[in-house]
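Let me begin by presenting the structure, written as structure tokens, before commenting on it.
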Amino acid sequence: MAVQVGILGATGAVGQRFIQLLDGHPTFEIAALTASESSAGKTYREAAKWRVETQIPEEIAEMEVGATTPEAVSDDVDLLFSSLPSSVASEVEPEFLEAGHIISSNSLNDRMADDVPLTIPEINPDHLGLIEVQRDNRGWDGALIKNPNCSTITMVPTLAALDEFGLDRVDVTTLQAVSGAGYSGVTSMEIIDNAIPHIGGEESKMESESRKLLGGFDGAELSMHESTVNASCNRIPTLDGHLESLFVDLADEPTPEEARAAMREYPGADLPSAPEQLIHVFGDDEPDRPQPRMDRSRENGMQISAGGVASTDSGLKYNCLAHNTIRGAAGASLLNGELLVEGGWI
Amino acid sequence: MAVQVGILGATGAVGQRFIQLLDGHPTFEIAALTASESSAGKTYREAAKWRVETQIPEEIAEMEVGATTPEAVSDDVDLLFSSLPSSVASEVEPEFLEAGHIISSNSLNDRMADDVPLTIPEINPDHLGLIEVQRDNRGWDGALIKNPNCSTITMVPTLAALDEFGLDRVDVTTLQAVSGAGYSGVTSMEIIDNAIPHIGGEESKMESESRKLLGGFDGAELSMHESTVNASCNRIPTLDGHLESLFVDLADEPTPEEARAAMREYPGADLPSAPEQLIHVFGDDEPDRPQPRMDRSRENGMQISAGGVASTDSGLKYNCLAHNTIRGAAGASLLNGELLVEGGWI
Amino acid sequence: MAVQVGILGATGAVGQRFIQLLDGHPTFEIAALTASESSAGKTYREAAKWRVETQIPEEIAEMEVGATTPEAVSDDVDLLFSSLPSSVASEVEPEFLEAGHIISSNSLNDRMADDVPLTIPEINPDHLGLIEVQRDNRGWDGALIKNPNCSTITMVPTLAALDEFGLDRVDVTTLQAVSGAGYSGVTSMEIIDNAIPHIGGEESKMESESRKLLGGFDGAELSMHESTVNASCNRIPTLDGHLESLFVDLADEPTPEEARAAMREYPGADLPSAPEQLIHVFGDDEPDRPQPRMDRSRENGMQISAGGVASTDSGLKYNCLAHNTIRGAAGASLLNGELLVEGGWI
Amino acid sequence: MAVQVGILGATGAVGQRFIQLLDGHPTFEIAALTASESSAGKTYREAAKWRVETQIPEEIAEMEVGATTPEAVSDDVDLLFSSLPSSVASEVEPEFLEAGHIISSNSLNDRMADDVPLTIPEINPDHLGLIEVQRDNRGWDGALIKNPNCSTITMVPTLAALDEFGLDRVDVTTLQAVSGAGYSGVTSMEIIDNAIPHIGGEESKMESESRKLLGGFDGAELSMHESTVNASCNRIPTLDGHLESLFVDLADEPTPEEARAAMREYPGADLPSAPEQLIHVFGDDEPDRPQPRMDRSRENGMQISAGGVASTDSGLKYNCLAHNTIRGAAGASLLNGELLVEGGWI
């Protein structure tokens, strides 16, 4: 039977991606769309300035948008996706949780909280067990689950695959697409023929979220992964697709071929929106890949790509890439929602 | 009295920059322009498809272009600048050297040869002493001096400034402009809304040239600097200006402020085309600088910029930037030419 | 039963689009791929540097590429698509035609010949009757049919729709994507932060081809449409999608609403790859459309878009858009192939 | 003796251009800088986010910014430049005018008023005579003079030059740079790999302003030029420099060479910031010029460029280009200020 889902903040850039990704979903059915007070009561077509290249699904276009309050969302909604600005989410998400809702959220707030699972289904599905801790702590009937930041999610699958060789240190530099800042986040005057070597708060997110994702969970408590992660974040003139360059120190000394094999063979998840293969790895015959425009849409934008694997004195260097508004945002929350269903939480 | 200079490969992209930079030079006077056989005999205006935003100096436009052979260049020419493709340069430069010419060359060939000075005037002017070794070895009356690759030259001044803190390891990722590949090197279909995580041969150039530049010279022999340099090179959609992100391990533990001071105070060179200050350092109040379009033209494109300095567990991270076809190519050779004059080699 | 098709010049940019568009085609089956002598004998994967964002269909990747000669193509092939450079096509196409092949060609040569149909299926399918004239004239068993240039095809459907109001004069300015010049046709140094107000030969193609397409055919002879067409062609930094701005003088004085209705209601073709609606027309509520990136992929890149319709003293002004390498090249030839099948020529 | 000038709205994009252009001006000296209430009392460095590639002049950086009210500006200021948003300007400019100030304004409001001179010094300096009419009408001691919109100013000099051949009709399509919309006017998500065929209000500005500029003034009243002007405006991914494609109907039938000569020989103005030659005209040997990036900075961004002149049935087609934030905005107001001084109004 269909799972009824709602989208909090449905008119924004990530909200539009949710709608695009949910179109034709095998089990999820959109039952509620919320936005700011000023949009409540309008049809979705009126409320949203649709900017995705594919058309708005007709039945969604005619749905009425509600306010972002528990009162405006029916109790029949089984699962909420949240792509609210974190300043709003930090106020509103708790209200929904107290009202018993289950939220798969893309927003920044609470990602690093001790009792909130920060999850990539293929990497750390066991962290969902934290929901019990969360319910004990907070007295909620609902549950809050977060996905990491887009730049974190791009590299963590490759790090998880390499952890079998003893991951010790990561120096990562990002080349991030403008869509990561939202529709109006980067002006054209800033970025045409230019790059910006700073994205506020992004480096510390990558450094902390990645270690939480790779950390252990003993059924009661999380432990952070013991590696050191140093990040340097840059904005470049690409629309979608974050490209990242990594130098990793590994206790063991895998050959590039062993590293590629570890990435290729890293297991995926058996969820409707998960890619068949989690990481596509380019070999030495295609040294100029992955590229944002050529590779961001592999497996509907849900696959990670890696390439350029080579040895260094203390480990490896390589590049990786993911579609930041699909795999790195709306698709990440969607996958977490599917994981909640599979795990019986919904 | 004016020094008569010639430009080998004067019609190409770097050749055009030489002409732009030499316009109004206090001591250098263009006396010879060479190009391929098919251009010989034409005026420069006819032979070159001029693509620099400023106009061709009128007297240069009317000069006759000669073939790139010693016979076609007068003995009165005191100094040659070479921006030939390295496949051509490796054949032609030796002919000029045997004929007694002094060449300041931007071409790749021979940069890593034991008896060829690879020089940035502010960093290792003493390496010019290798010319004596070179003359002994090769029996030339002339002399060959090289400048490093544009991506190397962007970071080495900052590394030289930090070496007082015990430079041990560098992980550097570049965001390089398309002009670095020459006028037709990167097609628009490749790079619009895209980035390319591979530039053939670039990473090994950065890894070896930087260690030669930072190395010592005891009057007879060069020694390579003992640090480890790992490079990852990317092309992005910018016209000019290479931006680089560095993680450096340092034996001492300078604070960011001490590191900024070391860079700011690193001495410049007293040469006509040298910037007053070698490295402009942005502080924490301007975390989004340097940027390629905003900062590449500081001090006529001859100044290096740095910013985003912050501590890591094992040292520092920061960004740096230089104009790749000025400071990183034509301007680098020009400055080396000025160093040869100052040192009395011409 | 499946129609066996071949692609002449299968490794180029338009050739790759043919393969992408033919993937999953209901009646056409790729039976032959040709390229230059140096590629003959290789698999398609080896011969082509694949640059389309979707993956190469696996069975095509393993097909052997043949030389572009009649001997190398089996007689069982029913229909050839040609995307050869026109210098090659003008020599090679006649050889195939003499050998009895039917060619739907995107190449420039012979487009304006009196006995060669230049066809857009929705506009002038009756011109196919010229094949009889062509066979009489040339003594061929085969047949040659051409589609117009990409910039022509973008505007002609809208002109055909407005012709009921007495089309008298067209002043058209194009904003063309870089892919129109082929993969390496426009360098990044030329076009980043720039536009080029000249595309060699393009203006005269638009001026003559459009009048041939809109002209009459009495069963024996073509007549050119009597309007005046003035074109000014520009290259801008977009990847795909030609945007055109038109001022048209019309004998009658339709209102913008009448003009929009005429475009919307202009009949499509009942062919497998034809769009359901030929022209999508944006109204006054969306004055900033069509846009290349947002609208080029409507109906798989086969639909024309128009918008901004407004009155002038002597007629109308408006914009139109089409995907230049799909509707304007490979898709145009494909549609002409489907028209040949429907008309019983194959 | 130096003329004391003030800049209303000094911190915005055009305001920054004023400061850049006034740096080193032979007769104008900046004596007042105004901005919004929230900036009043700060130094200019603090109040402005400086985004011009050249550095802020040091003495300007330390100047105190005042509020945009007559009280905050000393009576010793002889001339005000205004680059206020037109919503603000329409309220504030009258206050300054009543207080006796003379304003050279770039803002939209009042451009088409019967008693406000809309002036390009090289085209219609005699329209300054309207100031007498304005003073009579409004009872002001001051005076208000406007320059046209950037897209208008780009084409009008070429139209003025061709008017000797009997200018009858103009169909113009623009390819406009993003800076024309202000620093944050066009987001990167809108314009990368895209073009937008709509700029609100721009087409009617071009259609009316150009006819006012080319119109006559009999000492008492203005008359609009009798030609028809149809405009279609597009935004493209260029930073600076509006490129325009024109089809003009002319009563006489000049050859392209005669048209080029008329443009080349059109007289300039003898003012400090005026270009030596008003219109640079490219011949048939450079058919791909003018280009925004290559030609926008000719004569410090104050020269118009034209090219691609060719005959049509009813006249000519050609392209023209100007730097929109210099010649088309701050430089236009500056030149009008110089004209006021030369004419003895200051």
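Think of it as A, B, C and D in the order they're written, each chain with its own count starting at 1.
The rule is simple: a contact is a pair of C-beta atoms (placed from the backbone, for glycine too) under 8 Å apart; a residue touches a chain by one contact, two chains touch by 3 or more.
Every value quoted in this text rests on a predicted model; they were computed, and no experiment measured them.
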item: Most distant chain from subunit B by Cα centroid; value: C
item: Cα superposition angle of subunit A on its copy subunit D, in degrees to the nearest 5; value: 180
item: Mean-CA-position distance for subunit C and subunit B (Å); value: 47
item: Gap in Å, rounded to a whole number, between the CA centres of subunit D and subunit C; value: 42
item: Multi-partner residues of subunit B (each touching 2 or more other chains); value: 51, 192-193, 237-239, 293-294
item: Subunit A to subunit C touching residues, read off their complex; value: 51, 53, 192-193, 293-294, 297
item: In the complex, subunit C residues that touch subunit B; value: 51, 178-179, 183-193, 237-239
item: Touch list for subunit B against partner subunit A, complex; value: 171, 173, 175, 193-198, 200, 228, 230, 232, 234, 236-239, 243, 245, 247, 287-294, 307-308, 312-314, 317, 319
